[in-house]
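Before anything else, here is the set of structures, which you'll find just below.
The two complexes that follow have chain A in common; it is paired with chain B in the first and with chain C in the second.
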Partner chain A sequence: MSAPMLEAVGVSKLFGQVRALNEVDLTLGPGVTGLLGPNGSGKSTLLKLFSGQLLPDAGQVRLLGRDPFRDAPARRAMGLCPEQDKFYEELDGYRFIEVLTRLHGFSAAESRDRAAHALARVGMATDGKKRLAAMSRGMRQRTKIAQAIAHDPPVVLLDEPLNGADPVARADLVKLVRQLGDEGRCVVVSSHVLHEVEAMTHQVVFIRFGRLRAHGDVFRLRGLLTDRPYRIRVKTPDARGLATRLLALEHVRSVTVQDEGSLELTTTALEPTARATARLAEDLGLAVSAFSSPDADLEALYRYLMEAAG
Partner chain B sequence: MTEDRVHAIGYQRIAAPGRRASAIWPIARTLVTLALKRRATKLALILCLGVVVGHGIWLTVQLLSVRFAAELGMRAGAFRLQDAVGNVQEVLASYLQIQFYFTTPAIAVVAGGAIADDRRAGAFELYFSRPLTRLSYGLGKIVGTAAVPLTTLFLATLILWLAAVGIAPPHIRADLWSLALPALVGAGLATAVLTAGMVGMSALARRSTGVAVAFVALLLLGSAVAEGLAESHQLWGGYLSPERDLRTLFDALLEPGASSFAGSILGGRARVNPSVAGSALALGLYIAAGLGALWVGIRREVTS
Partner chain C sequence: MIPGLPAGHDARAAWIWFGFHLGRHLRRRTFWLWLVGIVGFLVLARGLAHTPARIVAQGLIIQLGPLLALFFCTGVIRQEIEDQTLTYGFSRPVGRGWLYMARVLATAAPVALLVLPGALYLGLEAGPQTAMAYGTATILAIAAYGGFFALIGQVFRWPAWFGLAFLLFWDVALGLVPGFLGKMTLSTHVRTVADLQIRLSDGPWMRFFEPPSRVASTITLLVFAAITLWLGGLLVRRREHRITR
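This part shows the complex of A and B:
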């Protein structure tokens, strides 16, 4: 396993009487990780701890092995795209990013070059000349992402990066986030939009009530929820005939014929059952017009984990 | 874990700038750049320029009159002339006093939102997720805020003094050399008072407009109340007015003497506090309070 780029070891954070984070242990390496949880679950607090804006009440936070709160130069290795998007409205996109990039110690000329490069990367080479006040929500969002990557940081923290972006921009941004991860950066994406997170990564972290609920690959995590069997829907002309044969399979718990043309089964093992179903259909000479598992995705995993958390 | 180990897994090492530029200048420059985009800033600075031009004209007329009188050998006439147009000390003291009034709203317009706007816009998140220390941020805001009084008070005083030295007849010029330091110390003090007060108030507030109005009200209207107290024999009240404290120090530094006819048109020499040391102490406390408020305001945003 590669060396951790972001680490939280036994991290707790209190705001008055409210425990925003409770003994969180988390290690993140290169690649994109989705940070998921309902409002108030502690996602933003965790991002603020990682970005050195808060000091944990207990435990330690490490950014490339250094304390991001006390060691200001360590924050050079990190880029943050905050959720908030009301900044210096009178500045244009280029000037806005140049100012922020200069805070990393780059000269004005180099900051300008980096601003231009970052804006081009997020597809804002032309619109970046507009004042922030005149930009659409999606443009501002892209400008915010550009400022987070202009100094080429190994760690990128994105808080709701797709807010307000139109469908084309969303697709572009999803692609960009994946590229950042493919380059070996540690990219953490906090979002409520599950299908967009799913398009970016299968690595996820679930937080609820300040506690870490789960961390890992979506499909492996789903497989660990043994009390929640998978549902599989199959559309085939002889659903009743196929159902009879499916009941004999090892992992299948139940089969319901919904009408003559479709059935739904529950199983504890998705992949073996899927393969066996296909084989049976072939043996019976049945055409399968649709095959889906409505609860094998991130949304189902999220729902189950959050239900389990109460 | 070291950066080298992380580098080994594939992403590019961050291109480290050769000689790191200070974060203070971009912060200060942004503050000034944003302010200069506002119409109110331009108006306030034009008014300040008017004060410079007005005193420049007074100074020019005064020194040219003295020069011609001296060249014509009108020694006694020159003395009467001085009663009419005053002396350079009086011009500089008057300039500092009047420009302080005009610079107060100007600095409020420029820097009222120096920190308040950052708080409202959530810019702290953007700033302090970078390798920026609280000290650099605070100094950046101080430098940006000080740009106004440094220009309208310090730089303009220097220009007026240089103009005086350039125009003055030789027998007066020698005396003017010794005026530079007191005049610039006075301008520096006024700059420090305005800057510290402004950043302190901005650090504790959320809205630039509110800060600007409160700052002007506190400094000018509060000063008027303090003046009233001092004039009604509550002498301690005079020390509560930064403007009166500064005036006391300007007079002590520049020794302008009695008001001339020209000076009296601009309001004449107002009364000052009886103790120069008391005024200096009051101003020191005022500056310390402003810087303290700045520190508290920044700590409150970026804290454990």
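This part shows the complex of A and C:
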């Protein structure tokens, strides 16, 4: 059986008296995983442990079954986009990536090719010729991602990769991250921007106060929060008529008619209720002009998990 | 599965890292300002003040070289932590000890480039043998002091002050003491290799002063440089380097 791509077993990390991570157990495989949590929750510490920059005080961290801190060759499998916006400023993007790629054992010519390919992939084929000091924040961010993927690593760790990127660049980077995941890499993305993480993946890890609060698919996790029923808003011409029929459904807890044209119901099961609502509307010959659930997304899940964690 | 690395990868990567950082140092304005300053010092000392070449060589090899090594080498890792660039090298599949050694040598090499031409010029005034002695002493001195200052740069909070105290109170002051204590200083060995020994007087106490042989001093400086580099590499390999925002 092959080793997990990334694994933390009972990992704790202390900074003085502060426990940055507390007995974290986590296994990650191919695909994109969003690493979420408020500032100071331990996200960056976890990424630094996975990238071999820090040593755990307790437990073990494994990168494809090997110790990324002590086993230098193991870091061949990993590409890291660090959080800080710092570079060897006097270099241009191509030279910066070429030098770093050579440290992976590639020849100068191959490193140059890889640098060019990686920069093209992040949309920096032309701007990569600029000196890093002269690049905009978004260009620097993209260059930082390019240096993380130039050596074609199976594990990519991206710490706040969308910081400073303009909306167009953000959309491109979201697409790139998804592609990296689709290629079978294990991509871990730490971010505060929930809707962008949601656009990249439905696999998430929530950390708060150094503890792993939840890990898995957003919708499955949301379904586990049974004390937080889903709200569903429906716009239909005869809201009152539909509301009467909805109350009889198994999972529906309450229905509120907001005006003649819309209603809001709460249910413990989103999908069965959604299907039943559509069926009822069809039976009644009602057109449904809008159907939405404001708390079935990542943002709602994040809010609920953070509230639950205190 | 993790892709393999070619044989001798660490050494090759260290060589690349050395070249990269050497290039960065040589492009810095500080390097060129020091070069201008040293040329100015030589013109002033030899051309205008007509100070004997032997005295100027002492100033250059025994005093200025170690002082430059102190200023350049104590911040080898610290500077990268402050610049927050350390992550780029240390997240690569290269032994961190190798990267450290490459970094120290890339920092010490510009110091050698600053001091060596002047030392060779002063030595050539006396002949090729003296030039050879000055050149060898310069390289060994910068390797030994550079390795030592890079090491204390990792150990002490205020390495520049510690290094200055070491230079002034241990190395220079104790280097003037004849006998065993004098041999405990780097400056004594550098002086021996360069043939720039001091004779304070010809008094009877000088019979206690037995200068080390040139071979012994050469080996001492080489071993000292190697040990300090190795120890520094060991520290870097085992230690976490925290980059904070």
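Simple rule for what comes next: the second predicted complex is superposed on the first by the 307 of 310 C-alpha atoms of A that agree within 3 Å, B and C clash if a C-alpha of one lies under 4 Å from a C-alpha of the other, contacts with A are read in each partner's own complex, and residues count from 1 in each chain.
What we mean here is this: a contact is a pair of C-beta atoms (placed from the backbone, for glycine too) under 8 Å apart; a residue touches a chain by one contact, two chains touch by 3 or more.
As the structure is a prediction and not an experimental result, all values here were calculated from the model.
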* Asked: Put the two structures on top of each other at chain A: do chain B and chain C fit, or clash?
  -> clash
* Asked: Which touches a greater number of chain A residues, chain B or chain C?
  -> B
* To do: State whether A:Met124 touches chain B only (first), chain C only (second), both chains, or neither.
  => neither
* To do: Based on the superposed arrangement, let me know which partner A:Leu35 touches: chain B (first), chain C (second), both, or neither?
  => neither
* Using the touch definition from the top, say if A:His104 reaches chain B (first), chain C (second), both or neither. => both
* Asked: Which holds for A:Val188: it touches chain B only (first), chain C only (second), both, or neither?
  -> neither
* Would you sort A:Arg76 into first (chain B), second (chain C), both or neither based on which partner it touches? => both
* Is A:Pro4 contacted by the first partner chain B, the second partner chain C, both or neither? -> first
* What part of chain A is shared between its chain B contacts and its chain C contacts? -> 2, 51-55, 64, 72-78, 80, 82, 84, 86-88, 90, 99-100, 102-105, 147, 154
* Can you name the residues of chain C that touch chain A in the complex? -> 1-6, 9-10, 12-13, 16-17, 20, 24, 27, 83-85, 87-96, 240-243, 245
* Can you list the residues on chain A that touch chain B in the complex? -> 2-5, 29-30, 48, 51-55, 57, 62, 64-65, 69, 72-80, 82, 84, 86-88, 90-91, 95, 99-100, 102-108, 110, 147, 151-154, 157, 183-185
* To do: Spell out the residues on chain B that touch chain A in their complex, using ranges where they run on.
  => 1-3, 5-6, 9-12, 14-15, 17, 20-21, 23, 25-27, 29-30, 33-34, 37, 120-133, 302-304
* Which residues of chain A touch chain C in the complex? -> 2, 15, 51-55, 64, 66, 72-78, 80, 82-84, 86-88, 90, 99-100, 102-105, 147, 154
